[in-house]
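Beneath this line is the structure, given in structure tokens, with notes to follow.
Should a chain be cited, it is by its letter among A, B, C, D and E, assigned in written order, with residues numbered from 1 in that chain.
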Amino acid sequence: ASVVKVDGSSTVFPVTEAVAEDFQKSMKGAVQVTVGISGTGGGFKKFCRGEIDVADASRPILKKEMEACAQAGIKYVELPVAFDALTVVINPKNAFIKQLTVEQLKKMWEPDAQGKITSWKQVDASFPDAPLKLFGAGSDSGTFDYFTEAVVGKAKSSRGDYTASEDDNVLVQGVSRDVNAIGYFGYAYYAENQGKLKAVSIVNKQGTAVQPAPAAVLDGSYNPLSRPIFIYVSEKSLEKQEVRDFVTYYMKNASKLATEVKYVPLPAKAYETALEHVSKKKLGTVFGGEAEIGVTIESLLAREAKL
Amino acid sequence: MNTPSSASAASLPPLVVSDRLAKKALRHFKERFIEMLLFGAASVSVLTTVGIIWVLVSESYHFFETVPLWSFLTDTMWTPLFADPHYGILPLLAGTLTTSLVALIVAIPLGTTIAIYLSEFARPAVREIVKPFLELLGGIPTIVYGYFALTVVIPMLQLLIPGLSGFNMLGAGIVMGIAIIPYVSSLAEDAMRAVPMNMREGSYAMGGTKLQTALRVVMPAALSGILSAYILGISRAVGETMIVAVAAGMQPNFTLNPLESAQTISAYIVQVALGDLPHGSIGYQSIFAAGLSLMLMTLSLNLVGHVLRRRYREAY
Amino acid sequence: MNSADIPVIRKIIQRNKRWDLIFAIAGFLALLLGVLTFLALFVQMAYTGWERLTPEFFTNFPSRRAAQAGILSAWVGSLLVMLVTALSAVPLGVAAGIYLEEYASKNLVTDIIEINVTNLAGVPSIVYGLLALGVFVYGFGFGQSILSAGLTLGLLILPVVIVATREAIRSIPLHIREAAYGLGATRWQVTRDHIVPYSLPGILTGVIIGMSRAIGETAPIITIGALTFIAFLPASPVGPEFPWLSFEWLKSGFTVMPIQMFNWTSRPEEAFQQNAAAAGFILVLMTLAMNATAIWIRYHVRKDIKW
Amino acid sequence: MARVETAPVKAAVEDFSFYYGDFKALKSISLPVHEKRVTALIGPSGCGKSTLLRAFNRMHDLYPGNRYEGAIRLHPDNTNLLSPGVDPIEVRMRIGMVFQKPNPFPKSIYENVAYGLRIRGEGNRSVLDDRVKEALQGAALWSEVEHRLHDPATALSGGQQQRLCIARCLATNPEVLLFDEPTSALDPIATASIEDLIHELRDKVTILIVTHNMQQAARVSDYTAYMYLGELMEFGETSQIFVNPTRKETEDYITGRFG
Amino acid sequence: MARVETAPVKAAVEDFSFYYGDFKALKSISLPVHEKRVTALIGPSGCGKSTLLRAFNRMHDLYPGNRYEGAIRLHPDNTNLLSPGVDPIEVRMRIGMVFQKPNPFPKSIYENVAYGLRIRGEGNRSVLDDRVKEALQGAALWSEVEHRLHDPATALSGGQQQRLCIARCLATNPEVLLFDEPTSALDPIATASIEDLIHELRDKVTILIVTHNMQQAARVSDYTAYMYLGELMEFGETSQIFVNPTRKETEDYITGRFG
């Protein structure tokens, strides 16, 4: 049987997994799809080594990764899949937090905080003097890259003394059991565990505190923590029928399946454009290797159209 | 009488090696060939060790080209994958030692008690039933124990100790201890049962009770076996991965407080392996440096065990 | 001593016996703790996963819908990995055990091998994972395949098989060997006709116990990077044409029971925890069955050989 | 050799049978054991000598499935050693035993001898010192070990180990001493020293000894019991049994016509 | 008892010494073994009887650190069995051995007897059948096992097992048969049957037997060698040794004054 190999982001995994499952069924087992979870960074590393056909990514490809791919002669098509609201969560019993500003988040998470900021009181004088328990994504994940970029201002720039896991469910468990905990991960994990967690409203650029929710993503008010998620397909792999089939199937069903796994789908137009890029072999990224914060659906569509 | 003596040797026929007794070359060759094959198989285990050491040392070598050994040994922070990397093994070491210690505090007394009970107190029928049961306990995959720690034991501990965090070394250590009880008890029991009955009879004949016989005669006699059971328990605890990875919190904390969450050396390795690190990056090398430390720890434990066994070799 | 001392003696005995009783109770309680833990663990998994234990659970591939997800690829994967493990560890381990017990004369080389085997038995499984990563996955280029996993676990249980073989051989009394040598048998004839057949039950016990350990190993498999969504079966080992054997499956991607369980426990949806429990239950049953077989062999088959 | 004046009976075996599970190893044995005399049990291998000896200190209680019938009475208090109401530990504290294979504990020489006292709760160092010395002297071992009391007992030679085991018993002043082929694992010289020791001990303690060595029985005992297939064939003064056995079987055995 | 007409020498021990590592267990022994006669080795425990016996079929080669000095010559071909150029396997093919404890293989009775033939490459079923029957008859066991040849050998009684072990040797027609205390683990009746068998076998094969039982030596052997502390003290016709030993030590031992 022919094989399609996908690896990468744990955030994108639920969508890709759903697609892979349905796709294999529709092909009656003629094509085998493997979906690994190595985190966005891990996925790109394999992708640029030519080990996989498709990379799941919860952020656009970065300069360094572009260079690695270029060096190995790997060209790719970038396909946005959906939008995610990166969610900051606390324990439901936590009574003192109603909302947080990006400033406050930065105080908790920046590298300088390591070993120093250990009490909530240090984050904000109005908070009680309770131990600060941090849970976050592992350093190989796109979520980590995006969060540090959005909050600290520099990708991968974070303190190291927190419970870091590529496995978001471990984070769910950790936060749900500790009154003084705070953590962050993709919206889907929050949506599935609303009973055990409380989402924190984030004060946006406009100065209003907004709860993460599909609507807030759509209207762009949940910023800066809304982000697009992607798949990257290698040009060489696109020569294979089964990969083309898989990507086509992905784009045709992304809207439905993304909703099913609690992400915010893109407008239908976006998927059509993406398919067009595939068939016309429009290679490269529209982000220029920069980690961008606060990309809205509209601006994404505009960029895609320009490619 | 017809005793041949050296004097009469001259009169005997000359010394010959009969044809029948000449070494048969073919048979000899076949025997040698088979021996070589078997030797080859035995050397695979040595190759494995060589392979392990080679992999660990060569990758660690690159690691130590970037990271000075001194800071590896003294820095109190371990954040190799972050923007401001620190490469101090101490937090991982502290996590490993603390969880192991908790586990041993559970496993050694309980394991020893069970061993004494089974070997000296329980009726044979009870032993025949219970021993296999214990062995089954030792066969349960540790990932299963990990979730047991996370979903059952830690919540229970949280009821007892308010404010205990959801991941902690105490819960992970306790469950790890339970998981290694069978190793300790089974080996210790084997050692005690190997003590010949006449040793026990000596004590009973003096009027000793079971407990006196067990503690004063059987245990000293089985000392080396019991010590190796402990050593095996310790090296299991030090190397155990999934329980601590799931339940101890994956947080490189430099603390010896079992109520806190922490990361062990082994847990760090799986954590990184759960992602994917490219061949050659410092992150990739860091797991081999961590693995080397782990290997050195278990190796020295084994060495201690070896010495202890030599020293207290049973002399029944 | 004379009869007048008897009351004194009785007092002492009474005191000594009190300690006996106290210890007996302590021992019983310790035992109970072990047994109860096991039961708690087992019952908890059975209870949580009960609903999912339908025939379909065994014939379905993993799925994003918890209720339809099954362990087909996991148990087939476990089976195939175990096959490679057995085929590599058993011949090597038995041959090595025979060499050390029957052939090796006491010298430096055999001392090294001996110490080495003892040491290997104490090497943590995660280190074997690192060995596999460096040697099988990258060194030999086997990738994240059944072959890599099987060989890794094979090396992992090699010491177990060697030790079991040696113990079984050692339990053959010297006089049986002398009887055979006395008749003029060569070393190999003694080994083939006596040593191997009489130690077979013991070896078998060791092999099964080793395998039951291997089947539950998670860490080394994760280390070689096999945390993947796999919804297909590897190629069949039976080929359509001569020699009717195919080795395609060795290079296939795979998942195994503990990995599948680990995977499910890290899903956001509560329903997957049921699947994880059900998979854990099956996994424990599998190891129980293997251990029970080993114990049965040890207590029954072995007893039948009398010297 | 044997010295027989009338001596009171220290222990009396009365119509005693013994079963290993279903196997009846001893059949209705009755036998007196005279105080401060040496009684030897002889007979071909498997006839039940050890079984009988081990009944005296309830050793058989250690293994499941064994059953006593009849009585062994210890005088002067006339206690039936086998009665279920009698604590076997108490019996063993009164009756010492020396085994075929020397079995010192893996401890120092001193601790071996002190063991019996310690389990009787004696912790006073100077009392222990005295009693250990006394016992070692009694076992004719003192001069050989006096300067290395704290060396491991296992470093002693076989004969010394056996004398240590005897000292271990003597330390607690037992009323009866049981010996089960005490020299069969020893070389001729060690054997001679143990036999000498038994000679000396019989002034102090009642001794019951199993031996497969006829010459030894003749040398050390005052009374001899000849057993065959679980039955007591003949009992009497040693001189009589060896010189003038009443039964044909005894004679055959003693003269080596079988066995 | 012993029947001594002049018989040729089948094997000759010549100035033979043996070392277990540094320990010299045998000291310059010279001894003839007469063809189709029974030669008994007697002496106290540890004197080296077994050591000497086991040198005849190079059993000591199985364990490291053992060293031979001198020669054991097998006639008529005058081969030095101990010469390094001689393959121990071939020695063992010519010289059979029966051990103290019956040690049948845990296989069927038939396979036990056939084993020696099988390792010599004999695979023909009807040849095997014949030879097995012959050997079992030779060991006086045929009538007892003929209907259960394929039952496990371990189900036999001790005496039967020992005769099976003898049959196992006989099947390959050895030139010399070695017996190391072949009856010491057996009861008197089984012992008698083995002794009878040895009586019959001596017409066919040269026998060397170790026994700790003087009576047995007197009953079964033609020649007796008395050993003490690794030395050969006296060798001669059994009748002479037992009736009229030349040395005081031999007499002491035989009359049971020590040992």
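Some points to look at:
Assume a contact is a pair of C-beta atoms (placed from the backbone, for glycine too) under 8 Å apart; a residue touches a chain by one contact, two chains touch by 3 or more.
These numbers were taken from a predicted model, which means no experiment stands behind them.
Here the chain-to-chain distance from chain A to chain D, counted in touching steps, is 2. Under the contact definition stated at the top, the chains bordering both chain C and chain D are B, E. Greatest centre-to-centre distance from chain D is found for A, with centres as Cα means.
Centroid analysis (C-alpha atoms only) places A farthest from chain E.
Per-chain CA centroids place chain A at a distance of 85 Å from chain E. The geometric centre of chain B is 15 Å away from that of chain C, both derived from CA atoms. Distance between chain B and chain D, defined via averaged C-alpha coordinates, is recorded as 46 Å. Separating the CA-averaged centres of chain A and chain C is a span of 40 Å.
Residues of chain C in contact with two or more other chains: 13, 16-17, 186, 225, 227, 265. Taken residue by residue, chain D touches two or more other chains at 89-90, 93, 119-120, 172, whereas all remaining positions touch fewer. For chain A, the set of residues that touch two or more other chains comprises 7, 36-38, 167, 170.
Chain D meets chain B in the complex at residues 57, 59, 62, 64, 89-90, 92-93, 96-97, 99, 101, 103-107, 115-116, 118-120, 152, 154, 165, 168-169, 172.
Considering their complex, residues 13, 16-17, 19-20, 23-24, 26-28, 30-31, 33-35, 37-38, 40-41, 44-45, 91-93, 95-96, 98-100, 103-104, 112-113, 115-131, 133-135, 138, 155, 158-159, 162, 186-188, 209, 212-213, 215-219, 222-225, 227, 258, 261-262, 265, 276, 280, 283-284, 287-288, 290-292, 295, 299 of chain C touch chain B. Of all residues in chain E, only 44-46, 187-188, 191-192, 213-215, 256-259 touch chain D in the complex they form.
On chain C, the positions that touch chain E within their shared complex are 105-106, 173, 175-186, 189, 193-194, 198, 305-307. Across the interface of their complex, chain C is touched by residues 1, 3, 5, 7, 13-14, 17-18, 20-21, 24, 29, 32-38, 167-170, 172, 188-189, 191-193, 260-261 of chain A.
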